[in-house]
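Both of the next two complexes hold chain A, though its partner changes from chain B to chain C.
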Partner chain A sequence: MAEKRYKKLKTAAELQRLMQWHYTRIRLPRLGRPLAWVTSGAPVEILRAMGVIAVYPENYGALCGARREAVSLCEAAEAQGYSPDLCSYARTSLGSVFQSERAPMGGLPQPDLLIACNNICGTVIKWYEAVAAHYEVPLFILDTPFIHGAFEPHALAYVVAQLEAMIRFVERTTGRRLSMKRLERTVRLANETVQLWSEIRALCKARPSPLNAPDLFVNMAPIVVLRGTEGAVRFYRHLKAEVEMRVKNGIGAIPKEKYRLLWDNIAIWHHLYRFYNYFVDYDACFVVDTYTGGWSQEIPEGQSELMEGIATAYATVFLNQSLEYRSHLMERLIREYDVDGFVMHCNRSCKPYSLGQYAIRRRITEGTGVPGLIIESDMCDARAFAAEAVKTRIQAFMETLAERK
Partner chain B sequence: MYCVVQVREPLLGDQIQWDWNSLAHPCKDWQTRYPTKRAFGYLCTYSPIELLHAAGFVPVRLVQGSGQVALANAHLPSFSCALARMVTERLLSGALDCLSGLLVVHTCDTMQCVADIWHMADPPFPLVTFSLPTVLSNVGARDYLLAELHRLAAVLESDFGAPVTEDALRTSIALYNEQRRLLATLYEHRRAFTVEQFWTLVLSGMVTPVEEHNVLLQSVLQSVEEKKEAVRQGPAVILVGAILDDPTIPVIVHELGGQVVWDDLCTGSRYFDVLVDETQEPFGALADRYLKRVPCPTKHDDANPRAEHLLSLVHRTGAQGVVFVLPKFCEPHAFDYVLLSKALANEGVPHLWIETDLTAPIGQLRTRIQAFIELLRGS
Partner chain C sequence: MTKPCFLGVDIGSLTVKAVLLDAGQRLLTRGVVPAGYGGQEAAEALVARLLRECGLTPDEIAYTVVTGYGRVRFATADEEVSEISCHARGAFHLCPAVRTVIDIGGQDSKAMRLDAQGRVVDFAMNDKCAAGTGRFLEVMAAALDVPIEQFGALALQSEHPVAISSTCTVFAESEAISHIARGVAKQDVAAGLHQAIASRVLGLAARVGLEAEVMLTGGVALNVGVVAALSRQSNQRITVPADPQTVGALGAALYAWHKGRR
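On to the complex of A and B.
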C-alpha cells in the first residue's frame, strides 16, 4: 500500500503524555486525598470538587483490551467463578484485582470508595459489588431509572435525592466537604470539555472527514477520565485546532474517502486499527459513532438548580434511553453526517447496547434507506473475534454499498 | 395455559395433572375458558399484579417454556437469555395475542431491551413499562416507587379504560395475600405431593385467576391434613435461581434419592415471600412490600442480604446442599453466584451449579446431580 492507512494526529504525543500522567499521578503519594473507582457515567464533577481522585476501571479495561492483555485477566476472573459470558470490562477489572501481577501497570491503585451509576448498564452494580466485597470499601450506587418514554418528574426528584445522598456518602467516607463554588467551577470546566469534544466530532461532517473511528476512540479517553479538568480542556483545544486545520486543508483521515459510515457500540479494542483498516481498504471512513458521543451532555448552568442539572444530564444519557430514542438519534446522525451505511458491533459484553440493535437497524433502514451491518464480537475478549468471518461479512456489505453508489 | 386441574371436581393430590407445555402458552383456550376475563401479561415477581387485578385483569405470567426459536433470531442476538428469546418467539408468532396488555418491569439489562424490542415489533396489545428502583434501600426510593405505582394506575385508566379504585385494590391485595399464605403452607406440606403435583400447584397460580387458584390450594391443603404425609429421606437440597417452569430438575433430584426442601426461585418462594400490609394505605403498602423483600440479584442493597438469607434457609430447612439453576447469559445471577457460593463454602455447605439454556442435556444433568447427591450422602 502506497499510503499509510492510518494518519497519525500531531496531538497524539500530547494525548499519550496526558494519559500517562493520569496513570502515573494516581500512583503517587496522594497526601490524604481519597481515591474512588467510578463508572464512566458517574457524576465525577462532584468528586473532583471534593478533592477525590477518580479512576475509571472501564478505561483501564479498554486499555488492557487494546494492549491485548485482557484475555489473561478475564481468565483470572473466570478461575474465581465468574462466567465467561459476563461483561469483559468487568472480568478484566476483576482479573486485575485478583491477580494484579498479571495486570498492566500492576492494576489500578486500591480504591478508598466506589461510585457506580447504572445509567450505562446494570452490570456495573454487580461488578462494583464484587470489587467492594474484595477490598471491603464502601460503595455508593446512583440509580438513574431507565427512560422508556419521558424523564418523569418523580424520576428527577429521585435522582436529585440520591445526588444529595451521594454527597453525604462522600463526606462521611472521606471527611471532606463539598464547596458549591468549587462544584460550579468544575461543572464549568466539564461543560467546556464536553463542548470542545462535541465541536471536534461535528468537524467530521466535512468531506473528507478529518477523523476516523479509531481517532475518535483513542481521543475519547480524556472526555471520560479527565472531564472537568484543565488538562482535558487544554488537550481538546489543541486537538480541535489540528482537526480544524485538516478540514481547512481538505485532509482526510484516510487516504481516499469514498464511503462515509456510522459506527454503533464500543470499539473492538483488541483489533482497533486492524478492524477499521479492513474498511479503509474499501475507502470507507467512520465519520461518526454513537459511543464517543455518549459524553456530550452539558450540565445546565445558571437558571435551574445545579443538582437538577447534574441529575438530568446523567439520567438522560444515550444508553439510559429507549431504542426508539436511539434510532431517532442515529437517523439524525446519518442525515447530518451524510452517511452511506452503518456498522453495529453486536458486543457480547454489552447487552444494553447490543440486544436492541436488530430493532434499531430495521427502523433506521426503513426510515432512511441506509443499510446496516451487524458484526458479533466482543470489546475486550479477543477469543470472540473471528477475523476471516468478519472480513467476509465486511466484503459483502461493502459490495452492497458499491451497488448503491 | 391449559390446566387439567378442575376446581369444581373433588381434588386429591394424585388427581392433579398438568400439561407442562401449556404453561408457556396462556392464550391456548383462553377464550373458551375465560370468555369474560382479560389477560394481562407480566414476567417478574416485582410486577404489581395487585394493580392489574384491581383494574379488572387476570395477571398472567410469561415463562420461558420450551420450543424452537426461529422468528426471534431476527430480533435478538445469540447471547440473549432463553427467557428473552422464547417470549420474543411467542410474541412474534402470535401465541400471546389473547393478552390485553403486557407489563414489563425494569429489572435487568435484558428486560430493559426486550421491553423496547417488543414494543417496536408492534404487538396487537399495548406494552406498559414500570421502572422499579434498583437500589431499594436508597433515599427517595419509596417516594419514587409510590409515584411510579400511581403512574401505572393512571396508565391503566387512560390507555386501557381500566381505573383502579382504592377499594378494588384492597380486595386484590387481600386475594394475593391469601394466595401467598396458601403457597407458604403448601411449601410446608410439599411431602404430601409428588414433585410434579407440587410444582403444578405452585406454577398454575401464576397463569390462572387468583380466585380459582386459592380455591384449589385450599381444597388440596384440606385433604392434605387428613392424609399422612410421606416421610422422605435422602439428602435435602435448596434450589436457587430464576425461572424454573418445568419440574425436570426437582424430579431428577427425587428420582436419585434426594429431596428439594425449599427454593429461592422467582417462580418459587420469591413469588410469595412477603405479605402486603392490609392495614396500610394500599399503594404505600405495595411499595413497602418491594422494599421489605430480600432483593433479587438485579437489585442492590447495601446490607447485601442475599447470602445471609440463603444461609438462613439452609439452616432452617436442614438442607445439606444447594443446587444453583442459573440461566445462561443471565448476568445478575452469574455475578451473585460467585458471592453466594463463597458464602456457602465458608459454612461448609456444598453446592452444584447447573446452567440452563433452551435445551437441557438430560443425561449429563442426571450424572451431575447423581454425583452431587452421592457427595451429600457421604458428607
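On to the complex of A and C.
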C-alpha cells in the first residue's frame, strides 16, 4: 500500500472523530439554530457568535474529491448546463444539490441562509447565487476589494461597512442579535486555533520535516471548518504535541528526506497519497505550502476596533492580493524552510490561484535561484489528471534537482 | 574476449529509437522503427537487429538506459532516465555550444535550457494536448492528402500562407479543410499550419528563455517547414543535427556509458 510510506499520525483517529462529529451534528435537530453555507474565507466568527451553524461546501467538495466521488457530481452539474471549466468545488457542490442521491452523505443539509465572501474568488458569487435560487434562501455577498498594493484606509472602512451590513442581514434573516461579548470569545478561540496551526506548520522547518504536504492537507480541515470552536483548539493542541515529539526525536514524515520542497495551490485531492508518493520515491518531502497557510491570519484583538481587525484579517488573505505579494510570500517561505525546489499546481479549477504562475515561477527562481515545476491538474476533477505526463515531469524535475546537489 | 558496448533506448509514443556506443563513446549503430502497440516488442526487435548488425551479443551490453513514454515497459534496462535529461545530454554531446534544446516528438514538445556544463537548468513541456506536436502535423498532412515526409517542403513553396487561428488539433483540422474547400492552394494552407505549430512551440520555449544556440531534436526536426518557420519567427538560427530523431536515444546511451563504464 502506498500509504505505508507515511508515518501515520496518532491524532489521525481524533481528527476523523472530530470531522465525523461535525458532519453528524449538522444533521441533528438544531433547536431553532439556523444553518448557513459559507465560503472558506467568510468571517465565521460573527456567525458562531450569533449561534448560526456554519457548513463549508468547499470542504465538502474536497471530501468528495478525496473519496473520488467528485467526478460524478461534476457530471451532474454539467448535465444541467454548467461548464466543465467551472471550479470543481462549485460543480461538486451544485451536483450534490441537483442529485443528492448520488452525493456522499446525501449532500449537505439544506441551508437557511448563505454567506459568500469574494476574498478568494469571483466564482463563489455565481455559485452561491445558483444555490440561493435553488433553495430559495437569502444570500449575502461580502465584498472585499482586491488589494493591489497596500490595504488602504478607505478599503478598510468599506470592508467594515460590509461586515456591519452582513451582521444586519443575519439579524434580519434569523432574528438573532450579535453579542459583542460572545464575538470576543469566539475571536479569542479562533485566534488560538490559528496560532496553533501556524506553530504546527513552523515545526516543519526542522530537518527532517515532521510533516509532508498530505499531512498538512488532511489536518487543515478543522482550521477551515471548526475555527473558533473548543473542539478545534483541543485537536490542534494534541496534534502540536505529537509533531513536537517527532521533531524532538528526529522523526521525519517520509522515510528519508533528501529534498525539501514547497507546494503551491490546492491539493490534488483525488490522488492525494499517490501523487505525493511520486515525490517520496525521490526522497522529496513537501515541508511547506501556500494553501494551508491561507488560514494563518490572526484577528488583532484589544488594541483597535474588533470589526477593523476582522476586516483586515479577511480582506488580506493572499488570494486577494497581488502577484507581487504572492511571490514575496513564496520567496520568504523558501528561505525560512530551506527549500530546494518548488512545485506549483496549475489547477484548472482555481483561476485566481493559478493565474500568473509562470510569472511567479520566473520571479522566484530569479530571486532565490531555486527551480520550480508546474504540474497541470485539478483539485477534484480526476479527468484532468494525466498520470504518465505528470510522472514524466516529476522525474525530469527531480533529475535536475539531483544534478544541483 | 568481449568488448563492452552501451545501449540507449528511447521508446516514444510513435517511434522507438536505439543507439549503441562503444567504450570510447563512438557510435556503433543506431536505428528508428515505428513503436507499434506499447513499443516494447518493437524495441526488443530493434535492439536485436542492431546487435546482429554489429556482430554483438546481448551479454556484451555493459549497461542499458531507457527513456521515453514506454520506458517503464522495457524490462531489460538497468535504469530509466527522463526524456528531458536524455535529449539535453545528447544535444550537448553533439554540440557543446547548445543552450536551448527543443524536442518535438509525436505527442510531446519540450524545451530545455542548459548551462555551460550541459546541465538542465529549466524545462517546459506542452500541456496534455496534441497541439504543437508531430501528431498535429500528421493529422494535418493526412487531411491535405500529402505524405508527412513532403509536408514541410510543400509549405516552403507557399507565398501567401493563410492564418490558422485554432491551436486545437480538431478545430485546426476543420479550419484547414474549410480553407481548401474555398479553393486556397494546398501549400498556403500547409504553410499556415507550419506557422501555427512554430508559434505554439516558441510560446513553450519562451517559458525557459530562448538562448542561443538553439538545437531542434525529435522526428519533427526532419520537417524542413517547421525548421524554417521556427527560425523565421524567432529570428534565431536553428541547428538540426544529423539524425535528430535519435538524439534522445543517444543521450540515454551516454548515460549508460557514464554509468556502466568501469
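Quick note on the criterion: the second predicted complex is superposed on the first by the 401 of 405 C-alpha atoms of A that agree within 3 Å, B and C clash if a C-alpha of one lies under 4 Å from a C-alpha of the other, contacts with A are read in each partner's own complex, and residues count from 1 in each chain.
Here is the rule we go by: a contact is a pair of C-beta atoms (placed from the backbone, for glycine too) under 8 Å apart; a residue touches a chain by one contact, two chains touch by 3 or more.
Since the model is a prediction, treat every value here as computed from it, not as a measurement.
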Is A:358 in contact with chain B, with chain C, with both, or with neither (first, second, both, neither)?
-> both
Of the partners chain B and chain C, which touch A:403 in the superposed model: first, second, both, neither?
-> second
Touched partner set for A:155, first chain B, second chain C, both or neither = first
Thinking of the overlay built on chain A, is A:173 touched by chain B (first), by chain C (second), by both, or by neither?
-> neither
Touching partner for A:141 - first (chain B), second (chain C), both, neither = first
Of the partners chain B and chain C, which touch A:386 in the superposed model: first, second, both, neither?
-> second
When the two structures are overlaid on chain A, which partner does A:59 contact: first (chain B), second (chain C), both, or neither?
-> neither
Should A:376 be classified as contacting the first partner (chain B), the second (chain C), both, or neither?
-> both
Is A:395 touching the first partner chain B, the second partner chain C, both, or neither of them?
-> second
In the superposed model, does chain B or chain C contact more residues of chain A?
-> B
Chain A residues contacting chain B in one complex and chain C in the other 358, 376
Contacting residues of chain B [partner chain A, same complex] = 74-80, 84, 106, 108-110, 112-117, 119-121, 129, 131, 133-135, 138-141, 143-144, 147-148, 151, 297-298, 300, 302, 304, 328-329, 331-332, 334-339, 341-342
In their complex, what parts of chain C are in touch with chain A?
-> 69, 80-85, 119-123, 125, 127-128, 207
The residues of chain A that touch chain B in their complex are 80-83, 85-87, 118, 121-123, 125-127, 129-130, 133, 139, 141, 143, 145-146, 148-149, 152, 154-155, 157-158, 160-162, 164-165, 322-324, 346, 348, 351-352, 354-359, 362-363, 376
Contact residues on chain A for chain C in the complex?
-> 358, 365, 371, 376, 386, 388-389, 392-393, 395-397, 399-400, 403-404
